[in-house]
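Same chain, two partners: chain A is paired with chain B first, then with chain C.
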Partner chain A sequence: MKLQKYLSVFKINLLESLTYTTDMIFHALISGIYVFIFIKLWTAIFNQNPNFLGFTLNELLWYYGMVQIILLFGGSPVKEISSSIQKGEVVNSLNKPYNFILYNLCESLGKTVFLFLIGLFWVSLMLVFYVGLPPLDFKFYPLIFLVILLGVLINYLIGFSIATIAFWVEDATPYQWIYSKILFIFSGVFFPLELLPLFLKNIAQYLPTSFLLYYPAKLFVQFTWELFWKVFSFQIAFLILFYGLSLLLFSRGVKKVSVNGG
Partner chain B sequence: MEGKKYFAFVLAYFKQNLSTAMEYRVNFITQFFFMVLNDFFFILFWYFLFKKIDNINGWGFESSILLFAFAGLSYGFLDFFFGNWRELNKIIAEGSLDFHLALPKNELLHTMISKSNFSGMGDIVFGVCLFFLFGNMTMVSMGVLIIVTATGTLVLFSTNLIFQSMAFYVGNAQGLSSAGMNFLTGFSVYPISIFDSTWRFIFYFVFPIAFITNVPVILLQSFSLFWLVASIFASTSIFLVSLFIYKKGLKKYESGNLLNIRV
Partner chain C sequence: MVISVKNLNKKFKTKKKEAGLKGSLKAVFKPKYQFCDAVKNLNLEIQKGESVAFIGPNGAGKSTTLKMLTGILFPSSGQMEVLGYEPSKERKKLAYKIGTVFGQKSQLWFHLPPMDSFELFSKIYDLEEKEYKKRLDYLIKVFEIKEFLYTPVRKLSLGQRMRAELVLALLHKPEIILLDEPTIGLDIMSKKALRKVIKTLNKEEGITLILTSHDMDDIESVCERVVIINHGQVVYDDSMSNLKKHYLNKKVFEIIFENPIEKEFHKNGVSILEKEEFRIKCEVDLRKTGIKECMEEVMKEYEDKGIADINISDREIEEIIEEIYKQK
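Right, the complex of A and B next:
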């Protein structure tokens, strides 16, 4: 019963998002543009250097395609939540019978799940056409979906924690910007962590950011049970950590909100 | 005479936009600083990649950085001086073009210059720094740099104008314009040598994106009169085509009956 209301929020937002199908198709198309460029770029590199970074061309392109697909799911709540805090709209949610974090999370997942599916279809179609089927056996797909979902949840909670900074400072955007740059280097969004110099790679592989995109995509192309359990256990730990942090920051932050009525 | 008047007109808007930037100095400096840092993070990819390989089909680290430098200059210039160049589709769809159509100056130029994105200055400064660091600049190459930046910027502006003008034909073209902008950005910051002959044909003759960054890099590194003439020809041609599409579309424009107060 308790979870039913969150499921309803998810469903309502999913149905609402279907109104903007054309927008979503264009959004997925944009991902396709970058996948296409990377197909060409990495094909040129692999023609000169086979087995570059310990990947085959098929593995590396499916890695990159998977990253692009994951990016379409969930998204970051920083802009929305911090603006709601800035404008004081957050007070409207305080007396409602739901958990603010879970409510917004389900809203965000509902809004993007269809986009994720369009992206999955479109990017997969391109990759099958250019480099053939992905290397992973079909039976492992549910496990991959699990680590993708955990990564999306952690990303959301990190974003939520950043957004709550707006309770203390006027604008949380610079913090989101710094986070996006950390993601750029340490999440594997643009290139697998194997491309980093060794000392940066050693740091990056234990940062929470690499469990959002890099490890889920890497598992998809180079699955081992050992890696799966490592990724899964770290993700659970980070999930608890960032959920706790989000709760703590939000509960401290709302105490600073003053309601004037009107 | 007419040209002189337009120059004064553009200059007046530039002064106005600059004084706005100085009024919100902290905002200007923040946007400038973030853009420089943003660009720096992008070139890190090339740095890491070329630590592990020598070249990509003949393109080395310096050439790839120069691609980015040209892109920075073109995007920065358009963002700072022609701030509405990415927003035209919205202006058309909302019917806000009325304001500019009712005035005696060219409505396209007027719309473009009536806004400035301060972050563009960050792109410009970063691009110029890259040229001095990686471009082996001489007096001759400085001249080439100015000409090919102008032609590249014109190609970028024109191809984008084609996408933006689709709003005249389909109404809400936000998705299409955004896809177009990503198409331009994505393809212009990578070496053309990674694409096969069909795509190269498209990038030279259909959507001459190659002339935004790739040809300018070739020209800067080894000057050839052929490529210089081709750049001038390609940029002029695509500009005329884009103006034709824009003007055709403008005839379909429907006023939004919108009242605007410009303060």
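Right, the complex of A and C next:
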């Protein structure tokens, strides 16, 4: 694999995304508004109970802020890949000497990295202003970035596997809709998994969806080496599993491509 | 031989749905499918350096064949070999040796200047920096794109964009270039300029060229061999000069006048197809008379009537196919 090839794909998509800077700033500002609403909500809850779900107010708000920041990075490729298969634009990708999965991954990361950085700056600024600095020592930040990145990659690969359904059916977006609803409950996007009933929490903590947002954000606010190694090893296993699944589905699906006309 | 195709078939399966809500519900619970033979028992051999036109009516199977040759589409049955590779199994290896332009699907980054897309492609095709610069300089000169190298693609005219598309497709020095409707939507000057460079590259670099187009002028000026496809089958495969001699020997002209015309127009080799009060449509047999000579006589004949519009066209590809079937 020639890394330079994929770095160039990342770079050109970053460059193209910079033509929509205003859109991205507004997008990041909206994430800030969500964070603001949650700051008010959780502050009210913590006024009643100062140690809710085993989190302090500072930890819980930084957890939620971190989830919002991660959501801005990468994202799911279902809509784009599915539409490119439907419209036949996929022909321009299939006849190129690159790995289709990695190409689309770099495209997705390149398009969102600037948005991620704006969101990181803006949400962090708000949280520092309202609840002070995050609880984690700076020396652990590279490890947090690593688990965030692994989560983003797993999310992408799950999305890619869903997108390949478009090779068989006309539109894969309904499947993405179902997946997004699963994420609502099992990824910790609105609240930490501790809030779920015990039996659901027990299931959720081993689902791949928990390793996309919940665990990276929890590590950021309640870091332990034990949790880090658990998260890291599960993420590597899920990464291999979903990469394998993506490869398998793509190699089968590509035989089904049917592009009529020019 | 760079391309060899034997008994190639491609069947498409499509869902059949009746109109309306009832039809949609029926299609969900009891889907019906229909099969369409896009390519049927196609045989073809192309030698290195040839310039081949692939023509036929819409839905004839031209684009499907080209996509199978690049490995994008998998054939239902049959054998294919392109530059020694089996396209459906060795798509990535083949990609280094083939350049493609699908006229209706751009490969350029819309919001960025062409230069950024060129840089990316140089990395995608693993080109050495020095080799890439040399190649790009050459193509910039040949395609005359220097003036808009740093202008975002969205601000380019269609002709400029298409020239940039071709540079992109030729950057990695492909041995075969497949052009699917490269002149679609272009004005006459841009078409002429594009044809000239395509022809030059075919001659100078020995690139094997396969072109599909609905424009007979494209085909006449660029290609030396013509393959006509209809219903997924080759119905004609011969030199351009033979096609011209046997089938492109007629032109049609239509004139709309400002005043009513009464007189008939008579000339050897000209037959009147339609005649109305203000309009006349004739077919000219180019073996008997030239179009220029013919037009001069028409002008003279009706000089007091005032001409509102003139249209001269080649025969439609469908007419040629019909004639080929008749002769068979």
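One rule holds for everything that comes next: the second predicted complex is superposed on the first by the 256 of 262 C-alpha atoms of A that agree within 3 Å, B and C clash if a C-alpha of one lies under 4 Å from a C-alpha of the other, contacts with A are read in each partner's own complex, and residues count from 1 in each chain.
Please note the rule applied: a residue touches a chain if its C-beta (ideal position, glycine included) is under 8 Å from a C-beta of that chain, and two chains touch if they have at least 3 such contacts.
Just so you know, these numbers come straight off a predicted model, no measurement behind them.
Superposition note: with chain A as the common reference, chain B and chain C can be accommodated side by side. Applying the stated contact rule after C-alpha superposition, one finds that A:L15 touches chain C and leaves chain B untouched. In the overlay built on the shared chain, the residue A:H27 is in contact with chain B alone; chain C does not reach it.
In the superposition on chain A, no contact is made by A:R252 with either chain B or chain C.
Contacts of A:N95 after superposition: chain C is touched, whereas chain B is not reached. Rounded to the nearest 10, the angle made at the CA centre of chain A by the CA centres of chain B and chain C in the overlaid structures is 90 degrees. Touch criterion met: A:F190 reaches chain B, while chain C stays clear of it. In the superposition on chain A, contact of A:K2 is made with chain C only, not with chain B. With both structures placed on the common chain, the touch criterion links A:T43 to chain B but leaves chain C unconnected. Once both structures are fitted on chain A, no C-alpha atom of chain B lies closer than 5 Å to one of chain C. By the touch criterion stated above, chain B contacts chain A in their complex at residues 30, 34, 37-38, 41, 44-45, 48-49, 51-53, 55-57, 174-176, 178-179, 182-183, 186-187, 190, 193-196, 199. Those residues of chain C lying in contact with chain A across their complex are 12-13, 15, 38, 58-59, 63-64, 67, 70-74, 91-93, 95-96, 98, 100, 102-107, 109-112, 116-117, 119-120, 123-126, 152, 180-181, 184, 212. In the complex of the two chains, the chain A residues touching chain B come out as 22-23, 25-27, 29-30, 33-34, 37, 40-41, 43-45, 48-49, 52-53, 174, 177, 181, 184-185, 190-191, 195-197. Listing the residues of chain A that touch chain C in their complex gives 2, 4-5, 7-9, 11-12, 15-16, 19, 88-89, 91-92, 94-98, 170, 254-255, 257-262.
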